[in-house]
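One chain, chain A, links the two complexes that follow: it is found with chain B in the first and with chain C in the second.
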Partner chain A sequence: MLISYRLRRRLSTVSLYTTIGVVLVAIAFPIYWLVITSLKIGAEVATYPPVYIPSRITLENYTAVLQGENAKFLVNSVIIALSSTFLTTLMGAMAAYALAKTYLAFWVRRSLMLWILVTRIFPPITTAIPYYVVIKNLGLADTHIAVIITYVAYGLPFVIWLMLGFFQDLPADIEKAAIVDGCSMWQRFRQVVLPLTLPGLAVTAIFAFIYAWNEFLYASILTSFTAKTLPVMISTFMSDQYLRWGEMSAMGSLMIIPVMIFSAATQKYLVRGLTFGAVKG
Partner chain B sequence: MNTHATRQPNDRQTGTAPTVSSSGAAALPLGRVPVLVQKYTRERWVSVLFLLPSVVFLLLTSVYPLLYSLRLSFFSWNMSIPFSQPVFVGLKNYANLVQDPAFISSVKITLIYVGAAVTIELILGMGLALLATSGARAMGLTRTVLLFPLMMTPVVAGILWRTLFHSTYGVINHLIGLVGIPAQTWLGSPSQALPAVITVEIWQQLPVVTFVLAAGIQSLPVDMYKAAQVDGASRWQIFRMVTLPLLRPVIIVVLLLRIMDAFKVFDIVFMLTYGGPGQVTEVLSMLIYKTGLKFFQIGQASAMSWLFLIFIFIISFFFIRELQRGES
Partner chain C sequence: MAEIVFEHVTKRFGSVVALNDFNLRIADREFVTLVGPSGCGKSTTLNILAGLEDPTEGLIYIDGQVVNDAPSGKRDIAMVFQSYALYPHMTVRENIGFGLKVRGMPRDEIERRVQEAAQILGIETLLDRRPRELSGGQRQRVALGRAITREPKAFLLDEPLSNLDAKLRTQMRADLKLLFTRLGGTVVYVTHDQAEAMTLSDRVVVMKDGVIQQVGDPLSLYNDPDNMFVAGFLGNPSMNFFLADLGREDGRLVLRTGGVTWPITLPDDERLVSQIPHGQVMVGIRPEDVTVRLPEQATDQSSVPCAIEVAEHMGAVNIIYTNVEGTRIIATTESDFSARSGDPARLSLNARKLHLFNPETSRRIRIG
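And now, the complex of A and B:
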């Protein structure tokens, strides 16, 4: 009786892990395919039947895509993503701190937060057309600043909402002590609150960075060459260089490397970030 | 800098420090505000200064563009004609849209896209979350693997799946060929293109549903499960009677988020099909993009944007009301 129970348990564990294994392999396969295609020699890239395990690996696709203008687009992507992350996090954290405290009237904070929540719902395409017209009229088309402005606009509500949660998680006593010590609000924010919410701040900044790094729509309509970013560059592989899958995959792999490194650091707060703080994980 | 260095002789704030309240899922995290014992005049002004950069920035970059777009939606303006000026046409753009077969079909396609993707994500995500939370090592493994599609640049996901779906050299056609199914055209086929795009959406967004539901399941009280097991409930009964009702708020949150985000889809459609073949994958974002930024019918595209916005707000409010009802 006992043995059969144990056996049944073991069998159910085995079947559990088999099922998960099959599902995860199916989900992971495209990633494997991207990376392995980027490492293939030209003759093994677009073939029938497809080459699942390359006979030898090469880095020639990587050296090919990192030449010429592409290096410039990489630099553009880095500049735009870092600047917008910095601005969004700084402005968003300050606003969130003011909203987390009770100095302002309830209705003021409540309506501000509703407004910010509503901003989260807008599909990016609905602001794409006014952005295009306004940026063009201002003479800012194809500049870094134009793209950064739109990324900060889109990222701010997210940062404010997420940081609000982190600030509210902070025990009130800590700040009480700082108030008794006579710290001004800015000093409390700068020297007490921010250091204590540093992990939250870092995670929020990472989410903001990943958004800016991955964004395509605004970058594609606001830039043409000078400020062109990597996603826009990758999208051009589609039309004129259709079967250059090796280089395309190398570019794609390069794009996801920073994201993967950073996102590993967000694991603990991932769910909170994904749900805009609605579910605390 | 040491905080003691800035200590002031008399403490200005002696009243109760502002307390922080937390609230349940998705409600505005304000809760009840404590009665202020003292007026923090100075703090109030500093708070305004803290808020000012963000508020001004959002007014300029989020409110103004939308109002400008609303204004443009009452004009007829083809921006591709040099020196053309917007001409006021009243509600004509909206009137045209209601009868425009391209717009109506786009609304339908968007609804099918969102409905199918979110439903399948919810079912698969629930299954995967249940599997992942029932084994000790399973959660870590699932988390690691699922992070990849989730964080992947959508444009890269688009080109990657384009190669997978390729009719001649694609892996998918090769794999189904092994079990005797003839090669399909996938993205080039009017009947298969939309399901193919939805597959990519599910692949990328399934992790969101899985992670959030798994976090929800892990936070459920263990006692309930033990009690149900003692009572001899089957696994299905436990899921149906214990897990599902307790998870309701989390499910609504994840549904709301996924629906809102699925409506925004643009990148993967742009990369995979560009709305084609014909119009079968032309979701609203794609149609607005083409109308406004390819054919430069700015007025028409702005009207579409506003109808799109109003539509999304109605759906979102329905869900938020549902959430608040669950809380009270």
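And now, the complex of A and C:
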């Protein structure tokens, strides 16, 4: 019995690590492939059988993509992603707070929540053309504002849904204490509620940022040059004449970096437990 | 400091009546406790006074001013919550000073008041800690500190001791009494614990199902309850109740339950009899007014035989659960009374401390 128990435990440990290994490979391999392709010489990029370990490392793809107008597209991407993240998170948090704390009949809140979600239910492509016409008629085509507005509109439902849960979990007594202490609604939100829901804000901000940073469809429709973002720029490495894998993957590798920095910067707020100790012992 | 008046205050949540025609006048500097089981409306009353909830009907006055439409922050009251509700992201100092900061008080004045409160509560060394680094008792003191720095017109305390362990609760109870005697504020205190209500208050308001049952000073409520609920709620162990039939014997009224004739007689008073419907009455007697003796010590002929079910030795007193032919009667005795479960004993009742209630309305029937 004892041996079989030990054996079983060992087997379960082995299978656990195997599973973790498989999942890790599945996640890490595409990233490895992206980075390694960006460092390969042209002859080794698209061969069969594929080259897993390049014979020579080169940075020529990077020097190629970092030339000319491309820096401008990077700046565009940063401006658009950061401003839309900021606006989505702030407005979404305020909307969610209002929904969480206003006295509403159950079905009213439920309907509002579903209504908010409607914009995310249909595929974005279905509204792409009329949306472009609206933006163009507003004189906003190929502007940063057009893209930011779009991302905020698309990001809001997600932020509202996520933040609502965080606000509802906030102990009611803490807010009551703030009310009795004389806080206005805004003071309460700014000085008590927001600091306590930082983990939630961090999560939503990361998702909003990743969405805005990587979004391709609307960026490609709404921008042509002035407000063009990196994903749109990467697509120009593909044409019916050529497929520039090396440069595409170099740009792709570079694009991962800001997301990683942003996630690392917000990660410390992800640590839950800030509200521990507030209520009860 | 302030006088607080509730005038015909009713609160309904949908079809549920949480508070029904609540009327109460709380004098300046008075310590009033609202006590009752959960759901009796005591916390709702406090929330309405604090401005956290609006009454459905009725008026609330603080210092003669109707405050129904005044927001919470403008009512100049401070509140202590059962959960303490400290701001977890602020230090103790910031927690205590927050209400003053919100009101735009100068920084050095805030610091002075925080120091003063911390000194009163003995938490000077904790000022730079955060709530999660504090024990329950310390958090409790910080919550009190937050209330007293404000120097409000009234203190509202919502079950402030319920989250503490039993020993600390008893200690904090005494500290609270001392603190508010010293500060001299109007205090409205909510608790479900009758011991807190009895020990802390100038006056106690006993509530049930949103209705005031009785208002009075602790001892008069204890000795002279208006109904069975108040009689049973105050006191620990609670009052014994048993249903008895009224009978006549030698021109006196006697009480019988089944085969037992209780060792008490009542004056054959016409007014008393007229108040007892169908010849049945609910008898209430507190455990300390029940005497249990071993059969050989019971020289008193008026006692009835009983069996001891359980004897709880508490140290200072014993709590004896007896069985008188199917009726359980609890008695408290001196600690030197030694008995085991199953022992036979004799039981007598202090007739002068007897309470009679109408079994249908549970209202008190006053004797004589």
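As a working rule, the second predicted complex is superposed on the first by the 223 of 281 C-alpha atoms of A that agree within 3 Å, B and C clash if a C-alpha of one lies under 4 Å from a C-alpha of the other, contacts with A are read in each partner's own complex, and residues count from 1 in each chain.
The definition used in the following text is that contacts are C-beta pairs under 8 Å (C-beta built on N, C-alpha and C of every residue); 3 or more make two chains touch, one makes a residue touch a chain.
Note that the structure is predicted; figures quoted are calculated from it, not measured.
For chain A, the partner that touches more of its residues is B, with chain B and chain C as the two candidates. By the document's definition of touching, neither partner reaches A:257: not chain B, not chain C. In the superposition on chain A, contact is made by A:134 with chain B only, not with chain C. By the touch criterion defined above, A:53 lies against neither chain B nor chain C after alignment on the C-alpha atoms of chain A. In the superposed pair of complexes, A:192 makes contact with chain B and with chain C alike. In the superposition on chain A, A:43 contacts neither chain B nor chain C.
Of the two partner chains placed by superposition, chain B and chain C are both touched by A:176. In the superposition on chain A, the residues of chain A touched by chain B in one structure and by chain C in the other are 176, 178-184, 187, 191-192, 274-279, 281.
Across the complex, chain C is touched by residues 171, 173-174, 176-184, 187, 191-192, 195-196, 274-281 of chain A. Remark: chain B residues 1, 3-4, 6-8, 11-13, 17-22, 25-26, 28-30, 33-34, 36, 40, 42-44, 46-48, 50-51, 53-55, 57-58, 61-62, 64-66, 68-69, 72, 79, 128, 131-132, 134-135, 138, 141-143, 145-164, 166, 168-171, 174, 203, 206, 208, 211-212, 215-216, 250, 253-254, 257, 260, 263-264, 266-267, 270-271, 284-285, 288-289, 292-293, 298, 301-302, 305-306, 308-309, 312-313, 316 touch chain A in the complex.
Partner chain B is touched in their complex by these residues of chain A: 13, 16-17, 19-20, 23-24, 27-28, 30-31, 33-34, 37, 46-50, 91-92, 94-95, 97-104, 106, 109-110, 112-134, 149-150, 152-153, 156-157, 160, 164-165, 167-170, 172, 175-176, 178-187, 189, 191-192, 210, 213-214, 216-217, 221, 230-231, 234-235, 237-238, 245, 248-249, 252, 255-256, 259-260, 263-264, 267, 270-271, 274-279, 281.
Chain contact summary for the complex, chain C toward chain A: residues 47, 50-52, 72-74, 77-79, 81-89, 98-99, 102-103, 130-136, 139, 146, 150, 163.
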